[in-house]
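These notes open a run of structures that come right after.
Shared between the two complexes below is chain A, which pairs with chain B and chain C, respectively.
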Partner chain A sequence: MRGYVAVLLVGILVFGAIASGCISSEKPTTPEKVEVSLTGDFVKDVVNIGKALESNGVNEVKFTVWGAGDPNSVMRVYGIVEAAERINKVFNENNINVKIVVDTNYVASFQQLFQDYLSKQPIGQAGDFFVNSYAFIPTLAKEGYILDVTEYAKAYEKELSDFYTPLMEASKWKGKLYGLPQDTEARPLYIRKDVAKCSGFDLTKLEEKVKNGEFTWSDVYAKAKAAKEKGCSEWGLIHRKGSAHPDLIQFIFAFGGTLYDENEDKLVLDVPAVYKWLYVEWKFARDGILPEDIMSWDWAKQIHPAIVSGNTLFDIGGTWYWAEWQTKDYYVDPKTNEPRGLKPEEVDAWFYYTLFPAGEKGQKPVTLSQPFVWMINSKAGAQNPKYDELKDIYQKLAFLMILKASDADINAIHSVISSHLPVRKAAEDLIKDEKWLNDLKNLNIDISSGVKAEIADIVKATVHPINAKFLADVSYMLEYTHLAPSHPKYPALADLFKDAVDKVLRGEMKPEEAVQFLIDRIKADPELSASVKIVGEVPKDWQFP
Partner chain B sequence: MLTDVEVRSKKTEVAITIAILMASIPLFLAFSLLVLSSFSKEMMTNLSLESFRFTIENWINVLQGKLAFTGGIRQNILKYTFNTALVALGVAGVVTLISALSGYALSRMNFRGRKFLLMFLLMLHAFPGVALIVGVYLLYRLSLPSSPSLVTTFSFMYVIVARAALEVPMATWLMKGFFDSIPWEIEWSAIVDGASRIRVWRKILLPLIKPGIAAILLFGFLAGWQDLIYVRTFLVEPTLATYIEANLEAEYSHMPLIAAAGTLYLLPTIIFFLTSQKLLLETHSGGIKG
Partner chain C sequence: MKKYSNLFQLSFFLTPALVIIIVFYLLPLVLTVYMSFTPIRNWNTERYLSQFIGSYNYYRIYHMVKYDPIFRQVMINTIIFVLITLIVNVFGGLLISLATYFINEKSSSTLRLVWLLPRMSPIAVYSLVWYYFFHGSEIGTLNSLLLKLGIIDKPIVLGQGVIPWGPWSIIVFINGLVGVSFGMIVFSSALSHIPRELVIAARVDGATNWSISRKILIPMIRWHILYVFTWQLLSLITSYAHTFLLIEWGLVNRDYGTTLSLYVFLTAFGRGEQDQGLAAAAATILAIIGTVLGFLTLKILKFERMIAKPRGDI
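Here is the complex of A and B:
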């Protein structure tokens, strides 16, 4: 009997729990949606949105911005904070009682932030703004996790025409725009001037020779070997490691290869180009010009100190190195034996920079970019009142915020303090403006006090005419840029490339064996195999250098 | 010669001690390098003390929630510590409550399926939490409140219950051991005097197994404090573990700063183990007589 009573009680409990969720005393009503149209006049649009919010009883709009990167790149989130301040000012000037409040979340690992976004977006807990690599756009767009802003952007075509076209294209997926470019970079080949002088390497007009394809990787090999043999440096070449920053795939493009077939939406294993890349790596390592264990070197204790201390002639790096060498203590001062950052004058005096040379005669020089994009969560504004009615208003306000965050001065500030390249022409012009640069150095600029305080010490450490000149000098590289494929399976292929490079560098495999290793590994993974097209064959009688 | 207790020869004892010390060296060195690095300008990656340059800047920055020495955004490290403690205390509380009740039932009551349940509990303990995560995530999505404002609170409750569920089987076994060690007569006399089962459990038995409860609380706390996968998957708010994970970027991060954060994260574990070593050893050697 007691058993029956227990079962009955449990049954009632379960029914009650289900019923409490299903039965509602109120009939569901469809909220009337409030909408505004974007006109292309920024102030007018902000005012219209502000009035719509105010008339619906919303006086405070909360947004969260998520961003990631190196410590100098905080404008990736502060840009949105500054945009909110500027829009609040417009509200104020037009007697609209609405205020935007922005919360920030900035971490070091952009891959980790992407994972976090993937898990939190479906439950409505991800940032309203997400600043991250363009490479994540296909995955996020496919899942419906980010907002398609194509229609909003049409109203601001004129403003957006100032942005560099390749970067706008990188922010699209299947023809739809999913954000606005935030920054980009190039990956120059750095050359130590003192080591070059010691080894008799004349740098005069080298940049032109690289641009014309006269100076190729065979020349890099010859000069690097000479520098080592003459005892001018310990190494001829140092390059980056890992697969997350796919710098080394520049070799594929430099040898005229490709990585992605747009028509078939497939990754490509371009066998001839990949073989040549691996051969160059193998040859450099076998001749002791490039450390065979570079793929396991420590960034802060080995890679950067080797470059800034002049232990190498060449370095395949990134534009952001320029600021990083000044803000991090990689250099041990021989006078004091204490580590310190380089001075702008030292970086300028010690390093020459040029495009990544052509692989061989007949090919072109290249560089590689990984633009960061300001994306908007498809649930942007969901934390705010009357979301169902005002969804359109919140989303349009979010778009106006990323547009404002792309103001030339905000973009130029970010570029100068982080050594990233500007995404629009107006920002590039500003960087070349000495008066503006001086004002920035003295923090005599029109940005909110909160943002000013947060970036003050970065500004102090990085703003310098030499750094601005560097940015202006390398901006042309974007004309030669390639982008890593924004394909969901690319990270898996990049991991295989990393393994293959490591194996040829260590001498565990010859280049042709490493190519076969890549083919075998691709075929062993059914998903990867379906996503990668293998083209061409290992070239016969190809010579390097 | 026969003795009433097992006695090892001096030589064997020395050999065992040396072997244990040798086996502990890598672990000891790794933790020492971590702690030393947290007070150094440079990360210590080998035994050379040359790279050690004393500074307390890393700790100042970590406590201020700074990711780097220049600029950057301050993270609310106190809040993250509070979140971590909340999860840890929640897990400890839930595990202790459930295991104290179920341990008592399994120790004292004879019901159908008791033996099977005991075996099943052991089997459950063998399941790694990560193997269950897909199913646990599905339940999470199904039970998620529709109002976004409730999600954060719900995520705390969910992660506490989900993480506690992984600890309950072993804790129940341990608790059963503690109850088994209490003579049945003590409980019997109280029941004869008219006390209810629940009253006997609360007023008589629980005070007798206080050391056991403390041990289970401790295990539960450490399980919650150290967890990364469950808090990473379910908790909306960051904890110390997820904060460190998100900022452990080999290229950008100032590693000594991460070492300071790691040491901060380790502190409760070290303190607990140092202060309750005896208790834990006794627990592992088969329960404590109340």
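Here is the complex of A and C:
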């Protein structure tokens, strides 16, 4: 009998639980949507949105921003925090009882953050703002995971005309705008001046020689080999680990190749250019000039320490390295035997920088930019009250926040402290302003106390006339810049490039075998095969160096 | 009436287990099979889950088996990894439990505790320890030791350079260490229940440790060995966590370290494009392989004899 009672009780409990989910006491009604129009007058739009929120009983709006990058690029998330503070100030000044609160999530790996975003966006757990590479826009836009802000941007055309056109274009996919540029960069070839001097490598007018294509990768090889053979450095060349995109993709452009066919909207495997790239990697590694296991080196324990300690003549790096070397303790001071960051004077005295040289005579030098873009989650604001009614308001508020986060001073601060390049002219002008730089150095600037506290240490270590001059000096490189293709299948192709580079470096494959490996792997996946056009053949009688 | 009463009572005790099996095993399996017939990617369930594409994802796998050398390598890695690690797990666990059986209780407890450490450590911490141990440069503990002893003059890049046995030996070693402790616990527990008088009598007759192990202990725990063997086999087919981290950190070569379960994980979560449809098809194949192997193992090792009712003639 007790058994009956127990089973009955369990049955009632399960039925109750199921029924409570299925039966609703009220008939669902479609909420009436509240909308405002953007006018292009920032304060007016903020006030309209604030009033709409207030009249709907919303006094606090919560947003989360997700960003990634090097340790100095924290303004990628604090820029949004600062924008919220500035908008809160407008609310205050207009007696609107609404406050925006922003949570931040900043990680090192932008690829990992992208993967997290992909898996968490559909279940509504991704950040409302997502700061990441423009290269992910096609995938995110295709899946409907980010907001199309084309219409919102029309109201602010004048403001946005200050942004550099190529960067605005990079924020688009299929003609639609999916965010605002946050930063960009160039990828200089760094050269250790002391190692160069030791090996008899004259750096005079090198920049000019690189610019006009006289100094090519054959010369890089010769100089790197000489530096190693003369015992001036352990390695001739160091480059990134773990991925071919974006740094190593430069080789394809430097050898006159392409990655994308705009007419057919297909990715391109440019066999001659890719072969030459892989041959250079293979040759460097076989001659012991480039570590054959570099793709699995540790950034903080091996790659950066090797560069700042003068263990290599060349390094394929990025502009942000310049600031990173000053804030991270990669260098072990021989006097104290303690790790420390470099001083601006040391970085300036030790490193020469130039464009990524042409692959061979007849080709042009290049650099590659990977603009980061402030994107808005298509579910932005979902964690706030009355989301269904106020969705339009939340989305427009989010747009105004990325617009505010692009204020010239915020963008200029980010550029100076992280050695990235500004996205708009007004920010570039600020960086050239000595008084402003001096005020920034003393933190005598108009930013909220919370953000000021977060960036104080980085500002102290990096704001220096030498660093501002560096940014000004490298900005010409953008004239030579290339962008990786905006194509949903590009990440898959980039994965294959990484495997091929790793294999030639380790000597597992010769360059021609690695090219065949790439072709086989593309053909092995019917979807990738349909998205990639394979052009050209492995060049015969091509010689390097 | 009595029949129904029994049924009710039976249901009462079985329901929790059945609910767990249905919710956590059966439903995910059904969902995985269903997903394998959809183009679902980038977790966009809203868009793709209602689209049916037939056997396209299975065709893609067939295509890869036929044309993709890396996918073929994944299958070879799986066979090597499962076979060798299984041997290490079962025989390692047996060896340790037998060894600790013959020493005093205090020492054996300490020894068993040490062997349990890999299982008790968080996966990331445990993997990080071995990452730095096997690191292919001077910062690696093993290389640094061998260099200092003058045994080698330059670091050995075991996980990336000594192909294929370097990466294979690292993943087998690291997963083997974790698995050994499972066998050790089961076997030690089984051994402790064997009547001591049997061992004492054998000792009186002059039997050595080896003879006692071979003729008394091992035969008496044969069902436990069967259980550990089958359990570990199925676990190894689906385990990937440690290997994933070691590959991500660059210690182990991706092509020679990736097993089929890791391939499923990477396809679903870990690449530039996250293709859950393709991953689900690979996972379904993996589930079929696991089922067939589990069934075969139980058949070959005569599982039905273990669960047969005792004859009562002891």
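Following the convention adopted for this analysis, the second predicted complex is superposed on the first by the 513 of 545 C-alpha atoms of A that agree within 3 Å, B and C clash if a C-alpha of one lies under 4 Å from a C-alpha of the other, contacts with A are read in each partner's own complex, and residues count from 1 in each chain.
The working rule: a contact is a pair of C-beta atoms (placed from the backbone, for glycine too) under 8 Å apart; a residue touches a chain by one contact, two chains touch by 3 or more.
If you're wondering where the values come from, they're calculated on a predicted model, not measured in any experiment.
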Task: With the two complexes superposed on chain A, say which partner A:Phe517 touches: chain B (first), chain C (second), both, or neither.
output: second
Query: Looking at the overlay, does A:Ala456 come into contact with chain B only (first), chain C only (second), both, or neither?
result: first
- prompt: With the two structures laid over each other on chain A, which partner does A:Ser296 touch: chain B (first), chain C (second), both, or neither?
  reply: second
Task: Once the structures are superposed on A, label A:Tyr352 by its partner contacts, choosing first (chain B), second (chain C), both or neither.
output: neither
Field: First, second, both or neither for A:Pro122, with chain B first and chain C second
entry: both
Message: Once chain A of both complexes is superposed, is A:Asp525 in touch with chain B (first), chain C (second), both, or neither?
response: second
Message: Looking at A:Phe544 after the superposition, I want to know if it touches chain B, chain C, both of them or none. Which is it: first, second, both, neither?
response: neither
Statement: chain A contact set shared between chain B and chain C covers 119, 122-123, 242, 298, 301
Statement: Residue set of chain A touching chain C in the complex reads 3-4, 6-7, 10, 111, 115, 118-119, 121-123, 139, 143-145, 241-242, 292-293, 295-298, 301-302, 488-492, 494-495, 499, 502, 506, 508, 517, 520-521, 523-527
Query: How about chain C: which of its residues touch chain A in the complex?
result: 5, 8-9, 11-12, 15, 42-47, 59-60, 63-64, 66-71, 136-137, 139, 157, 160-161, 163, 249-251, 254-255, 269-274
Query: Touching chain B in the complex: which residues of chain A?
result: 69-72, 74, 77, 104, 106-110, 112-113, 116, 119-120, 122-125, 242, 245, 298-301, 327-329, 339, 382-383, 454-458, 461
Message: Could you list, by residue number, the parts of chain B that touch chain A in their complex?
response: 41-43, 45, 51, 53, 67-73, 141, 144, 148-149, 151-152, 155, 232-233, 236, 245-255
